[in-house]
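Should a chain be cited, it is by its letter among A, B and C, assigned in written order, with residues numbered from 1 in that chain.
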Amino acid sequence: MAILSVLGVSKAFRGLRALDAVSFEVGRGEILGVIGPNGAGKTTLFSVLAGALPPDAGRVVLDGRNITGGPAHRVARAGLVRTFQLMRPFASMSVLDNVCIAAMTRVRSRREAHARAVDVVKRVGLEKWQDARADTLPTAWLKRLELARALATRPRVLLLDEVLAGLAPAEREPVLDLLAGLRERDGLTMVFVEHVMAAVMRLSDRVLVLDQGAVLMSGPPGQVTADPRVIEVYLGEEPC
Amino acid sequence: MRNLAVLGVLVVVLAPLALVLPPAQQAVAVRVLIFALMAIGWNVMSGFGGMFSFGHAAYFGIGAYTSVWLLVKHNVSPWLGMLAGAALAAAFGTLTGFLALRYRLRGAYFALATFAVAEMLRLLATGSDLVNRAVGYNVPLLRGNSWSMLQFPAGSPNYFWVGLGLVAAAVAISLLYLRSRAGRFTLAARDDEVAAASVGVPVLRYQLFTIALSAAITAVAGVFYVQYYLYVNPDLAFGASVSIQAILPAVIGGVGTVWGPVVGAVILGPLSDVTATLLRQPPEFLGFLAGRGGLDVMLYAILLIVIVLALPQGVYGAAAERLRRWRS
Amino acid sequence: MSGVVVTQAVITGILTGGVYGLVAMGLTLIFGVLDIVNFAHGAFLALALFLTYGVVRTTGAHPYLALLIAVPVMFGLGWLVQFTVLNRAMGKPLANQLLITLAVSLLIENGLLLFFGADPRSVRFPGEHGIGVFGAVASLSRVLAFAAALVLAAGLYLFLRRTRVGTAIRAVAANRQGAELVGVDVRHIYALTFAIGTACAGAAGTLVAPFTTIEPTTGSLFTIIAFVVVVLGGLGNVLGALAGGVLIGLTEQLGGVFVPSQSSLLIVFAVFLLVLFLRPQGLFGRTG
């Protein structure tokens, strides 16, 4: 059975159709890349999946459990956690404390939560910044903090919203290695939105194409990116 | 923990003050303690919780009126009155907080809503025979010291000790709260509500808890106020100046810090007296100002502007930050 | 319930509401353009009240002549406050701005208290008499105040819509960065807008002087009502403020008639909370 099922999700904002009967499934341990031109509805989709935005129609089912409509914290507790395109650190706290907060939502013992946080911080390569205030971090490391926070909750499904945005090409590889490692080591299921095609090609098992709120097609990365319809939809978009 | 140790030392060092200070200064000291208690309460919700309240008089007044009403009508000890007032204020805060947060009021709208609620309580009290309308209540005078009824002769050091104890308790609660799970979650939600929810923090639950705690502390301040000044009416309990008095020390000292409100109270408390003394004997060319009120508040206002513009972290907040940076 | 009493309440409510609208227009403009909650708004009105009193006492002139002094003074003072103090708090957290305008309000009101004392004062309107309106009685000063408020409102509206400066103001309200990009000096616009806002409060102060108790705390009351009206009419919506003002004026007077045991302000606040909860964008929504 798929770990995440999205069934006919629609959302409109004052007449503008942001999502139009979007349906897809994600298998356990699968990495699904979501691509589409700007305004295609990708971030809206994530907001709906994470329970931050209630859909007008449709259902979101996580491992057999209906999580449609949130609230956001309950969806996160159920195991579906998202990261944000524009990073949202807890600015007044240290990096470690940021991750601790996330761990504490799962683990009652402070010592255990702390230990888990230290471990996660090490895994994403943030040990050197462990005690620095979160708002002093440069972009690349803030991205990792987002990731670390999400991982500290031991999610079942991770939604990554443009995790590579704002990173220089040299900074991207380590992040991609990290993500690949997550799937290898933990069997983590991931859905990620990305504009950087190379990353999509490298990481995804399958690719879903969104255009104007509707699913255009889905399939293996090579097949999708070669499809003429997809190419046309991206015509005029900047290559990365 | 280091801060708790500092607190303990402070209490021990300050306690003898009550025996040494002359009555006029004693009154100032008690006023400082009341300001501090109010500001600590405000700071829990608006500093730690990030929910700027402009109507904390609501909780102060609920505490004051609950206690004095129980005392006058049923001869209930003000200590119990404190418990009742705190509980009632916490419940009221939870209810109004729930409505405001659930309807997504934030920032200026939230602040205005809290102001409206406090004003409504003031108007309701002024118009209600149940609580004696605008006349208010006088605390029945007792002879001698009464610890059970929290009343002592004027100028008694006991008031100072009770106040010191209450402030120390409030500071201790703040310290423990900040380290607790609830406190950490609240700080995270203050920094970024959306991010906190996205990692599983039940934001609303902890925001309401913070409001309840804040209300309870401020209500206790209200009870102590009544027992010290022996009188309360709707304006003194629910008036806008009460809400302002809860905000000023925290801002001057440092919002969102534990010691800030206390430092701010220590700065502002004596200011009223200084200006009153000045105005009693003004210089020649300002003779017409003699005996007039308003200068102390003007000084508060100027101080507030200076702090907000030049030292937004507050006096204590900026000093603590400077110290932290010097250490690392 | 006597029809005459209700009619009287309606007439008084509309007339008072017009002036509320004038005060609120200034506030909503400030709110809409600078995103500032100006707690000092009523204080400027109070300042104008005392200024009017001073002018009438020393020169014996008609109170409306004080407009010639009150409006420019409040304009200049507002400009000063914005340019020197508030400007530094722009872009900072909301609490900072709230606290600064609060401090300004405390400064002004207590300055008035210090110099004039707390005794209430009054100003008489020469030729004051009652005018029959639909069977109710309206004092001349109230009618003229209402008319003046409408004229000023129309003037402000036209200024915002038809002049270059007014358009610049609306542009900054809609999109600050965009306005900057097309060459608008945003800091001057901020100061100008704030000054216009306080000038409105000042004008209202002179207009209400003949029928309002002149004491330092009068300002606070107007600030509160202005905020209620602004929320009701929609942030930044100048015409909405006028309509909202009339609505609140009516609510206040009719509340006093139908629920005499409680302060009519209570009902105003209840309406305020309802609007905040159920329709925070106001009855008329926000304009650019």
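Keep in mind that, in the parts below, contacts are C-beta pairs under 8 Å (C-beta built on N, C-alpha and C of every residue); 3 or more make two chains touch, one makes a residue touch a chain.
The structure presented is a predicted model; accordingly, all values stated were derived computationally and were not measured.
Of all chain pairs, the one linked by the most C-beta contacts is B-C. Taking the mean of each chain's C-alpha atoms as its centre, the chain lying closest to the overall protein C-alpha centroid is B. Remark: chain B and chain C have CA centroids separated by 31 Å (rounded to whole angstrom). Separating the CA-averaged centres of chain A and chain B is a span of 44 Å. Each chain gets one centre point, the mean of its Cα atoms, and the points for chain A and chain C are 49 Å apart. Residue ranges of chain B in contact with chain C, taken from their complex: 46, 52, 54, 99-100, 103-105, 107-109, 111-113, 115-117, 119-120, 123-124, 126-127, 240, 244, 247, 251, 255, 289, 292-295, 297-298, 300-302, 304-305, 308-309, 312. Listing the residues of chain C that touch chain B in their complex gives 37, 85, 88-89, 92, 94-96, 98-100, 102-104, 106-107, 109-115, 117-118, 216, 220, 224, 227, 231, 261-263, 265-266, 269-270, 272-273, 276-278, 280. Interface residues of chain B facing chain A in the complex, by the touch rule stated above, are 181, 184-185, 187-188, 190-192, 194-203, 256.
Interface of chain A with chain B (complex): residues 50, 52, 71-74, 76-77, 81-82, 84, 88-93, 97-98, 100-102, 104-106, 110, 149-150, 152-153.
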